[in-house]
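The structure appears below as structure tokens.
Chains: A, B, C and D, in written order; residue numbering restarts at 1 for each.
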Amino acid sequence: MKIHEYQAKRLFAEIGIPVPEGRLAHTPDEAAQAAQELGPPVAVKAQVLVGGRGKAGGIKLAASVSEAEDRAAEILGMEIKGLPVRSVLVERTADIRSELYLSIALDRASRAPLLLGSAMGGVDIEEVARTRPEAIERVPIDPEFGLRPYTAWAALRRMLGDPDLTRQAVRIAGKLYSLFMDLDSSLVEINPLIVTGEGQVMALDAKVNLDDNALHRHPQLDALRDLDAEDPRERDAKANDLSFVALEGEIGCIVNGAGLAMATMDMVKHAGGRPANFLDVGGSSRPEKVLHAMRIILADPQVRVILLNIFGGITRCDDIAQGLIAARTELGVRVPIVARLTGTNEQEGRALLRSVGLESAETMEEAVRTAVRVAEGGVA
Amino acid sequence: MAILVNKDTKVCVQGITGRDGSFHSHRMAEYGTHIVGGTRPGKGGAEHEGFPVFDTVAEAKAAGANSSVIYVPVAGAVDAMYESIEASMDLIVCVTEGIPANDMVRVVASLRGRASRLVGPNCPGVITPGVASVGIIPGRIAIPGRVGIVSRSGTLTYEVIHALTRLGIGQSTCVGIGGDQVPGMSFLDVLELFRDDPDTDLVVLIGEIGGSDEQIAARYIAQELGKPAVAFVAGQTAPPGKRMGHAGAIISGGEGTAAEKIAAFQAAGVPVGESPGQVAELVRARLRLPEGSGTA
Amino acid sequence: MKIHEYQAKRLFAEIGIPVPEGRLAHTPDEAAQAAQELGPPVAVKAQVLVGGRGKAGGIKLAASVSEAEDRAAEILGMEIKGLPVRSVLVERTADIRSELYLSIALDRASRAPLLLGSAMGGVDIEEVARTRPEAIERVPIDPEFGLRPYTAWAALRRMLGDPDLTRQAVRIAGKLYSLFMDLDSSLVEINPLIVTGEGQVMALDAKVNLDDNALHRHPQLDALRDLDAEDPRERDAKANDLSFVALEGEIGCIVNGAGLAMATMDMVKHAGGRPANFLDVGGSSRPEKVLHAMRIILADPQVRVILLNIFGGITRCDDIAQGLIAARTELGVRVPIVARLTGTNEQEGRALLRSVGLESAETMEEAVRTAVRVAEGGVA
Amino acid sequence: MAILVNKDTKVCVQGITGRDGSFHSHRMAEYGTHIVGGTRPGKGGAEHEGFPVFDTVAEAKAAGANSSVIYVPVAGAVDAMYESIEASMDLIVCVTEGIPANDMVRVVASLRGRASRLVGPNCPGVITPGVASVGIIPGRIAIPGRVGIVSRSGTLTYEVIHALTRLGIGQSTCVGIGGDQVPGMSFLDVLELFRDDPDTDLVVLIGEIGGSDEQIAARYIAQELGKPAVAFVAGQTAPPGKRMGHAGAIISGGEGTAAEKIAAFQAAGVPVGESPGQVAELVRARLRLPEGSGTA
């Protein structure tokens, strides 16, 4: 889950990472008042959960209170990458001497957090990583020790030079790590981390992503969820423990396992069809999950066939079959279903489907081919 | 001898009285796996559907268990892993999904200097066909043989096993390491075991988009494995950015796309199949088996 | 540092370890009011920082409010092992079905915390440990994992039998461990831990000892210090970073290092003398520490000679000599000084002493013999 | 070859710019110890009284250091230990005193599965006479020889070294493990090293009241050491209960008195001296050296 800059900055401020003073505003009026309180010049920053706000015109400077009001009015009317801007952060501007980059993320390769830093901050850091990998400092963090002052010292000194600035950045890095672990974060990022004219190191931006698997431990964070930023069908799926991504095609897919779901989509494409979605019913599925999955997929009027591909391990084919039968009864399924059930309790599952007149394919390849043919107007 | 699971594997089922734990205990036992019993604090001393129940893993260990498999709900799964690590179980398979990544960071760190190997979480487990199964891989689809499988995916693994079996090509051991960001054993850890296993002639690696584990594995296969390998990568048609985050892109300097991974395998001389069936065909070709015959 | 039972119970209650409801009272009046609020019968318990209160008559039951007042009056007038009772804890009594013992302490041998438990609670546990060691459960705690539910389960089930009671005790043990680590405790102890008639597991007593080395991290705990419980000279010594224990003899000892200080005392006794104290000036001594040490020792009118035994490592002999000279000037030392300086900067130290007319012994044996002779009325 | 410290020992002094660190760096260097330099974050690249200064231990390691000694004030001492452990220093000597015991519990736990040996905290360090000294043991009092010393006490160790030296009996290595409740290396850890050291013929063990480390060591000496030993126990006249807490008495089922410890040594066939001088005499007798001659 992503949270807004202003929310992340509140978390930063709580643990003592310096951030510019700022106020959240939902209307141009509120923005003017915020500018008044802070004293211009101020920055007016769109609060949306996508990257590249700056390029899209979502960050503007205002030299006066009335200018702040005008800029806020402009930004609050925008849509950035499809997301409406519902609030802006009005912030005191800083005297920027230099811009750096600092983040902590999980490194799959070492299975541990990694501190990333760069003296090239305030720019597209993915671009820097791709084109100038040597400009990125990578400090592996041993979770047994955490990020202690010595851990990041050498890298940060290379970035900042001056020992006093290094000491400030080391302190910030340590707090950033605490935040990362304490909040079960998957990414904490400061871009840019700035050095001000007065020699203070400060977070000018703030990004905090949270691990969905751990949100139940942090109800105060879960409350920060911005529903605007999520596709309503994806939200519905998540609420029902399904992993769903909407796509453009005609073949609705219900698969167990993310890998098999992706492989199924790949094979649909290779066979000349177009998947309407990615949908993983997960392991240990209860029959109701299939019912929910059918409901979500059938909400898409483009869907012309449903491809159910199940290879049962912890998932039992009979559970799946029961769910499918319940869906046919309760939802009145308007499109053909191509089912393939293999694995745990497959005999029981196939027998159940047969009892309502549904045949199952033997292999994944066969099921995919059939589904593509049906979508093209053929028959199952 | 295979890897991780063999005829001396004696299993403690953590969460044996739960729906999944109970169901799969029977499946594993039917397959011939030696199930010592399971744990459920407070029920120690009782029986569950014929299996002895213990309060703790340490007690199951005292009764002979040397491996454990975890089916407990996510709220208790981290403690369950720690319990088996503290009890020095040789193999720990965690089937449970939905464990926070930073919890796994701590669990993996705690393995340092200890004897346990952890497979998972969010994984189907390990099967040595014809010998024993620890986890949830359906035993019926596998046959004994000399092809090792390691996979980040659950059900996709079954497809590949199934496809191999249909061609009569048997497996030495199949290891599903799970798709989570922080797995106990990585591709690399399992490849090292396969390298040293005289019963494995070829390794099938099943990857997916995200991260750079496949690229790292490809390098290892080229330089160290000393055996042929065949790969599969799921997610060629996945929309960009859906699984691979911004952070990963900075760390690896790449996007973690299927195309990058396939290119890495090809550069390492590892053929990549486009479907489970095609993977099986590539294995047959690589092993220079005549069509219609396997190693089983 | 030790804290009172009522203070330890507040810490228990804060983290959710069940304790009986109670009130602190400093006068019989307050005790009566507490009994009134709680509803008799109540227990009236002396709050003193020594063991064996019960045997000394410091714990009494009161069936009525007026009885509570009387019992409090009796107890508040007592002195237990030399310590005045200044307050009592008035507590609701519990329906005790069984009494157990539970504690966590550091085990030197494993260099890790150890959970100790026994089904024989409410008695002198040291006696149990000595005479029936098999009645004590010992559960080593791996600090990497902490005390998790499974850690203590088997031992607690042996003690309690019933799974539900075990579950409660496991929860208490886990909280006790958190307290132990979070507060930098050296001992947390519940004796007795009781099972009530209603099937609740509860701490009827509470002992928490704190690590003096860590108190600076817990100012809220340092504020709980009971000055009554400490010898004023020991307190004075501690404030000046000295380790001091008052004894009965005539030979005041100033030594660097606890081991050497004890060995010096041992040798004084073997030579027929009696040490007036144990005093370790510690390592890295500043000259002022010797001055403080002299002041504390000279406050004892029984002291007839001062034996200074220094073997310099991190302590430098010249620092010690300077402190000694300053003490002679500022305190007007009334007794002879037998000095022995060896080790780091010994030449400089001896030269300094010689410059004020003080000779130094070569060996510890020689210095001890001389000091004993002087104390017996001989001359240095 | 001695133990822990030898001619290849190359030392990084953590806290080299402090009063103690600076003073003892010179003493160690004068003794012939190879001092690579020291650390003081923020001063990296500078010199301190002729010694190179680094920001971090990792940088000192890159410059050749394989051991470190810690003189930093107590507030930074735990981090200093972790820094050296993470940098995989072979030997870490922590001189600093006053470190909370539960901090040391965590530090000692973190050593599992790592190569570092930690001596201390609150200890005088290690000296291999004539070769090198790491810590604060005054070099002048020691002479090379074949007696190993391990001690929980600081200055008392010096007395014993001094007494041996006065009899002309030299030392292989002297190890002050420190008197804290949770030391890095225990008596047992050091005795194991002496057991395997061909340059050590006899071990002197200096204990004190409290705990049961001496009793455990006595058992090890009797069963495993394979070399003669002589002991000293300080605190025979200490008032009861002053050092040994209630908790320790429950754990060990004893009071940890000097009498208990002396009895344990005697039961193990280890003679116990009543003064440092008498310890030296016992060593001479045990080594069957004629009066007035040593092994030096």
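Keep this in mind: a residue touches a chain if its C-beta (ideal position, glycine included) is under 8 Å from a C-beta of that chain, and two chains touch if they have at least 3 such contacts.
All values reported here derive from a predicted model rather than from experimental measurement.
A.B. asks: Chains shared as neighbours by chain A and chain C?
C.D. replies: In this structure, the chains that contact chain C and also chain A are B, D.
A.B. asks: Spelling it out: a chain qualifies if it touches chain A and also touches chain B; which chains qualify?
C.D. replies: Common neighbours, chain A/chain B: D.
A.B. asks: Nearest whole angstrom, what separates the Cα centre of chain B from the Cα centre of chain D?
C.D. replies: Here the centre of chain D sits 47 Å away from the centre of chain B.
A.B. asks: What is the distance, in whole Å, between the centres of chain A and chain D, each centre taken as the mean of its C-alpha atoms?
C.D. replies: 54
A.B. asks: Cα centroid separation between chain C and chain D, in whole Å?
C.D. replies: Their C-alpha centroids are separated by 27 Å.
A.B. asks: Tell me, which residues of chain B touch at least two other chains?
C.D. replies: 112
A.B. asks: I need the residues of chain A touching at least two other chains; which ones are they?
C.D. replies: In chain A, the residues touching two or more other chains are 142, 144.
A.B. asks: With chains as vertices joined when they touch, what's the shape: line, ring, star, complete or other?
C.D. replies: Contact map by chain: other.
A.B. asks: Okay, what are all the chain pairs that touch?
C.D. replies: A-B, A-D, B-C, B-D, C-D
A.B. asks: Which residues, counting only chain A, touch chain D once they are in their complex?
C.D. replies: 142, 144-145, 148-151, 153-154, 157, 163-164, 166-167
A.B. asks: Can you tell me which positions in chain B touch chain C when the two form their complex?
C.D. replies: Counting only chain B, the residues touching chain C are 41-44, 55-59, 79, 82-83, 85-86, 110.
A.B. asks: Please name which positions on chain A make contact with chain B in the complex.
C.D. replies: 51, 103, 105-109, 111-114, 116, 125-126, 129-130, 133, 136, 138, 142-144, 180-181, 184-187, 189, 209, 211, 213-214, 217, 245, 247, 255-260, 262-263, 265-270, 275, 278, 282-284, 310-316, 342-344, 363-365
A.B. asks: Enumerate the contact residues on chain D facing chain C in the complex.
C.D. replies: 19-20, 23-24, 27, 74, 95, 97-106, 108-109, 112, 122, 124, 135-138, 141, 151-159, 162, 179, 181-183, 186, 206, 208-213, 216, 232, 234-239, 242-243, 245-254, 274-277
A.B. asks: List the residues on chain B that touch chain D in their complex, please.
C.D. replies: 112-114
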